[in-house]
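The structures considered in this document are given below.
Both complexes shown next keep chain A, but they swap its partner, so chain B is in the first and chain C is in the second.
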Partner chain A sequence: MKRYHRISWLLILVIVAGALVGSVLADDPPATEAERAYEIKATILCPVCDGQNVLESNAPVAAAIRAQVDDLVAEGRTDEEIRTWMARQYGSDVNANPPRSGVGALVWMLPVLVGVVASGLLAFAFAKWRSGREIEPSEEDIRIVQALREKN
Partner chain B sequence: MTRWRLRSVRLVSGAAGIILLSFVLLLATRDGGTGPQSKSPLIGELVPHVEGVSFDGKSFDIDDVTSRWVLINFFASWCVPCVREHPELMEWNRRRRVDGVVISVPFGDTEKDARAFFVEHGGDWPVLIDRESAWAVAFGVLRPPESFLVAPGGIVVAKWQGQITADEIDRVVTDLQERNAVS
Partner chain C sequence: MTALLGTLGVGIALVGAIGALASLILALGSGRNERHSRAFFWIAIMVSGCVVAVVAMEVALLTDDFSLDYVTSNSTKSTPILYKFATLWGALEGSLLLWALVLCVYVSAVSLSFRDQISDRLVAWALLTMLAICVFFFGLLAGPADPFGTLSTPPVDGDGLNPLLRNHPLMAIHPVMLYFGYVGFTVPFSFAIAALVTGRLGEGWLMSTRVWTLIAWGSLSLGVLLGAWWSYEVLGWGGYWAWDPVENASFLPWLTGTAFIHSVIVQERRGMLRVWNLSLLLATFALTIFGTFLTRSGVIESVHEFSASSLGPLLLGFFAVILVVSVALVGWRGDQLRSPGSIDSPLSREGSFLANNLLFALFAFIVLLGTVFPLIVEAINGDQIAVGRPYFDRMLLPIGITLLLVMGLAPLLTWRSTSRQVLATRALGPAACGAVVMGAAVVMGAEGLGPVLGIGLGGFVIGAALRHLMLACRRNGWRGLTGRSGGGMVAHVGVSLLAFGFIASTAFSEQGEFQLRPGEMASVAGHQITFVELTDAMDGPNRVVRAVIDVEGRGRYSPAITQYPTFGRPISTPSVATSFVDDVYLSLIAIPEKGSDSVVIRVLIEPLVAWIWVGGLVVGLGTLLAVVPFRGSRGRRREEQAVTEQAS
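Right, the complex of A and B next:
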């Protein structure tokens, strides 16, 4: 039984690791300037719309940002430079990807923290259940149970 | 429920309450960024370079008017507040003919409609086309009308989101002139 448990855990580990490696490999960097500009526009939110990125929005400000992203990419500016410039002009909320520092970093950190704490609690609960199962009844317990059975 | 469990539940509930309250406070105290005279990262900074050929065919370069007050107005022909504020811009332009200049930049509009707007409503100041939207982004324009006041020397001193009046612009100009006279 223990052997099957170990194989199951190993299988889960292999699947999770495979999924992580697969997702990293599938995330190819953009091949052309147009692709790079597209990816930047897809992750910049229209500052006057509700949750729409500048690619989806018809607002004049979205059109202005799209035109500027194309220009800045053509000028050879890095993604980080373009995002920083847009955040300076329109506020950090235009970045669809939350920042990796300050309060916004909680978005990245909390799921990891919750995952670690949940895993720890599960491990603790499993250990407790297992240790509970291993308790052997004392002679006194056996005697009481036998006495009750005889009585009934 | 045992005393230990009761204590744990109270502790977890208290922690969750504190976290929720912190988020509410954080969101409640954030700056909305709206209002008649709005905040902008440009205020106190050198004005972005604006140059081009106006509708009247004359060349314009903001560097040539650094000795005057410059009001840069982003507008659109389809925008009702822009139509309403246009007479105010004409009035301010009339009052400040000696030491001020208005520049209009169509935003989210076609050149044809912007030209028709000036034919219909008047205005003899430079109207420049922001072909690559570089000025709109450099000024952080969200929606028309938006106006930026540049002091002599080229520093942006005020930004307005929405309709403005000649008196409101002049109030800022007078305030700054008085402040400079004191210092």
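Right, the complex of A and C next:
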């Protein structure tokens, strides 16, 4: 590798590392009550509107839930308490995040499992292909190649 | 009268389809070549019948013929003419009629372009498969989904479509485009089935369907994106993608189709991955039928849902038949599908295609799982759960980011294997491009590891694509932009632009909700808006309330909210001040109370949204360029040689 290549790659690495560190530092957890309420509202579905969350929906019940979230946050309830409260009030399917326990947890685990198994199979296939490749050329192969080389 | 004509049309089409199917089966059985072309006569009858039915339906819609149940349920006298026309695909039966029409277009096009090869068993079997699918759809239209049912006492006026479906011109284009994509995959699917049946599993059938696959893929891409755009302009919540089951249903075949158009290159070049490619293609078609089942059976709640109907079991049955036939055929031909050759190194072009396929397959698996999971859980223990956007965002973000990485690396890799030195040299420019984009994003205020990484990788992809295009154009002039690799790289640039728009508008949007009286101002993320005045007027039977809002530096916009007499909830129509930097998205929350002059306005600031649509256009352009056959200098030379040889 030429020298300026090394320097360029180093420079790129420094910029990328700097940008990534900067991006993480700038991304602070919700500081105010309003920010926390906003993030909770984004994960609660409006019970009457097919998949929209309460932030996006104009339905009256969505407005009511928004107000309730604000109140509960002001009371100092934790996120988990608020979500449980909502589930009890409006049904467990207002929570946009599927549950992390019971049968529902499969939806989180299956993709990871499938991903790991598929990657493993692919790695195995590569290993097999690689080992299969190490065939010594026969004498006849070498003779043909040499004949062609001399011809050119 | 139109009802009779329409029913007759569907009947003729069904007879034509059965006739064509029967004549092909007889011709294949007899083994006499001249008999195959008899199918064309029957195909012509089928197409004419379908055209008659569609014309009859359009005439009924445009002339307000309320003796037809379909017209009464889905149209009104006051519907503007464009939406009357588009009502053909506004509801269940009509949309199946459109499906059949598009299928007829593809069958005609395939018949025309392969008319001289009809005695070829591969072509005959492909056409036979397509016709069998035609028989199924015309069978649906002739019975369970008859669009031409009549009412004994026609009402004076109809009920009209859901108002959401008649307030934006995209309604006229998005479904048609989507259907050209969905139905288009019938062609490669049929050739795949034909290849399996005839045992001609070489690369011939792939070459024959290359252009068709690209057209289907391009239409599906644009159809899905136009749907997103429509949702953004109409639904008023400020987003364009909600991971709604029906959106997912259109996205699933796109994912497997995209995996296919990449991995097929490995097969054409190296003769490998035959089983895998066939499976992807079969899965893509099966998923379009599965999507149709999800949308039209009422099993899933969605904003797109068509009325619940008896079609569910029929569509599910058809899906099962496709699956069983496909799996059985692949199993039967399994030994012939075993590919020679092997992949030497993961760090190679074919290695990157494999990684691409792994990621796309996993992506599709997660989307499918998330879509049907609530149904599965309910079936198991009766629990009602939701799988919403936070789930998809969290699960798909890492896959999306890895896909961008592979997308950038792939064009830099050589076939067989690539040495580290070569890669380091080739990747330098693109990596620098990515680093600059990433740095600039952080300086401009982007935050969060995922979004910043995604934006940087988008820059890397653009760098890699431009590098490829520049080299290709230096060698072949503008023709370097054409062909699958040139057009493909243009599409990659489009995907990156789309990714920028998607990431920025999802991660960095800001919103505010304000109650304003005329003359009052509010500001969100540096944008100042002033509420100028309220207008409250009747538009025919509908009450339309508009708020005139001045967006500083962008002009006046007027979001509206409409109360339709036939529809309960008022419908809010947003107004968007677009620019290439950010969109100011305005929508009214509720109809103001009588006597009050204040309104509640939601203001959303969404950076870079416009680039999603620009990116979509670039992807479309790339697809068109890919369809243009590439003739590089080598191809031209060969041609010149042929000419001189002929001359001498």
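The criterion applied here is as follows: the second predicted complex is superposed on the first by the 106 of 152 C-alpha atoms of A that agree within 3 Å, B and C clash if a C-alpha of one lies under 4 Å from a C-alpha of the other, contacts with A are read in each partner's own complex, and residues count from 1 in each chain.
We take it that a contact is a pair of C-beta atoms (placed from the backbone, for glycine too) under 8 Å apart; a residue touches a chain by one contact, two chains touch by 3 or more.
Only a predicted model underlies this, so the values are computations on that prediction, with no experimental measurement involved.
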{"item": "Chain B versus chain C as contact partner of A:S57, first or second or both or neither", "value": "second"}
{"item": "Chain A residues touched - chain C or chain B, whichever exceeds", "value": "C"}
{"item": "Partner chain in contact with A:Q68 - chain B first, chain C second, else both or neither", "value": "first"}
{"item": "Chain B versus chain C as contact partner of A:T78, first or second or both or neither", "value": "neither"}
{"item": "First, second, both or neither for A:V114, with chain B first and chain C second", "value": "second"}
{"item": "Chain B versus chain C as contact partner of A:G91, first or second or both or neither", "value": "both"}
{"item": "Partner chain(s) touched by A:A19 [first = chain B, second = chain C, both, neither]", "value": "second"}
{"item": "Touched partner set for A:V103, first chain B, second chain C, both or neither", "value": "both"}
{"item": "Overlap of the chain B and chain C footprints on chain A, listed as residue numbers", "value": "59, 63, 91, 103"}
{"item": "Residues of chain A touching chain B in the complex", "value": "47-48, 59-61, 63-65, 67-68, 71, 85-86, 88-91, 103"}
{"item": "Residue ranges of chain C in contact with chain A within the complex", "value": "236-239, 242-245, 301-303, 305, 342-346, 351, 354-355, 358, 361-362, 365-366, 369-370, 373-374, 377, 380-381, 383-391, 395, 421, 424-425, 428, 431-432, 434-436, 438-439, 441-442, 445-449, 451-453, 456, 511, 569, 572, 587, 589-590"}
{"item": "List of chain B residues in touch with chain A within their complex", "value": "26, 33, 41, 76, 107-109, 130, 132-134, 136-144"}
{"item": "Contacting residues of chain A [partner chain C, same complex]", "value": "1, 5, 8-9, 11-12, 15-16, 18-20, 22-24, 26-27, 42-43, 45, 49-53, 55-59, 63, 91-99, 102-104, 106-108, 110-111, 114-115, 118-119, 122, 125-126, 128-130, 132-133"}
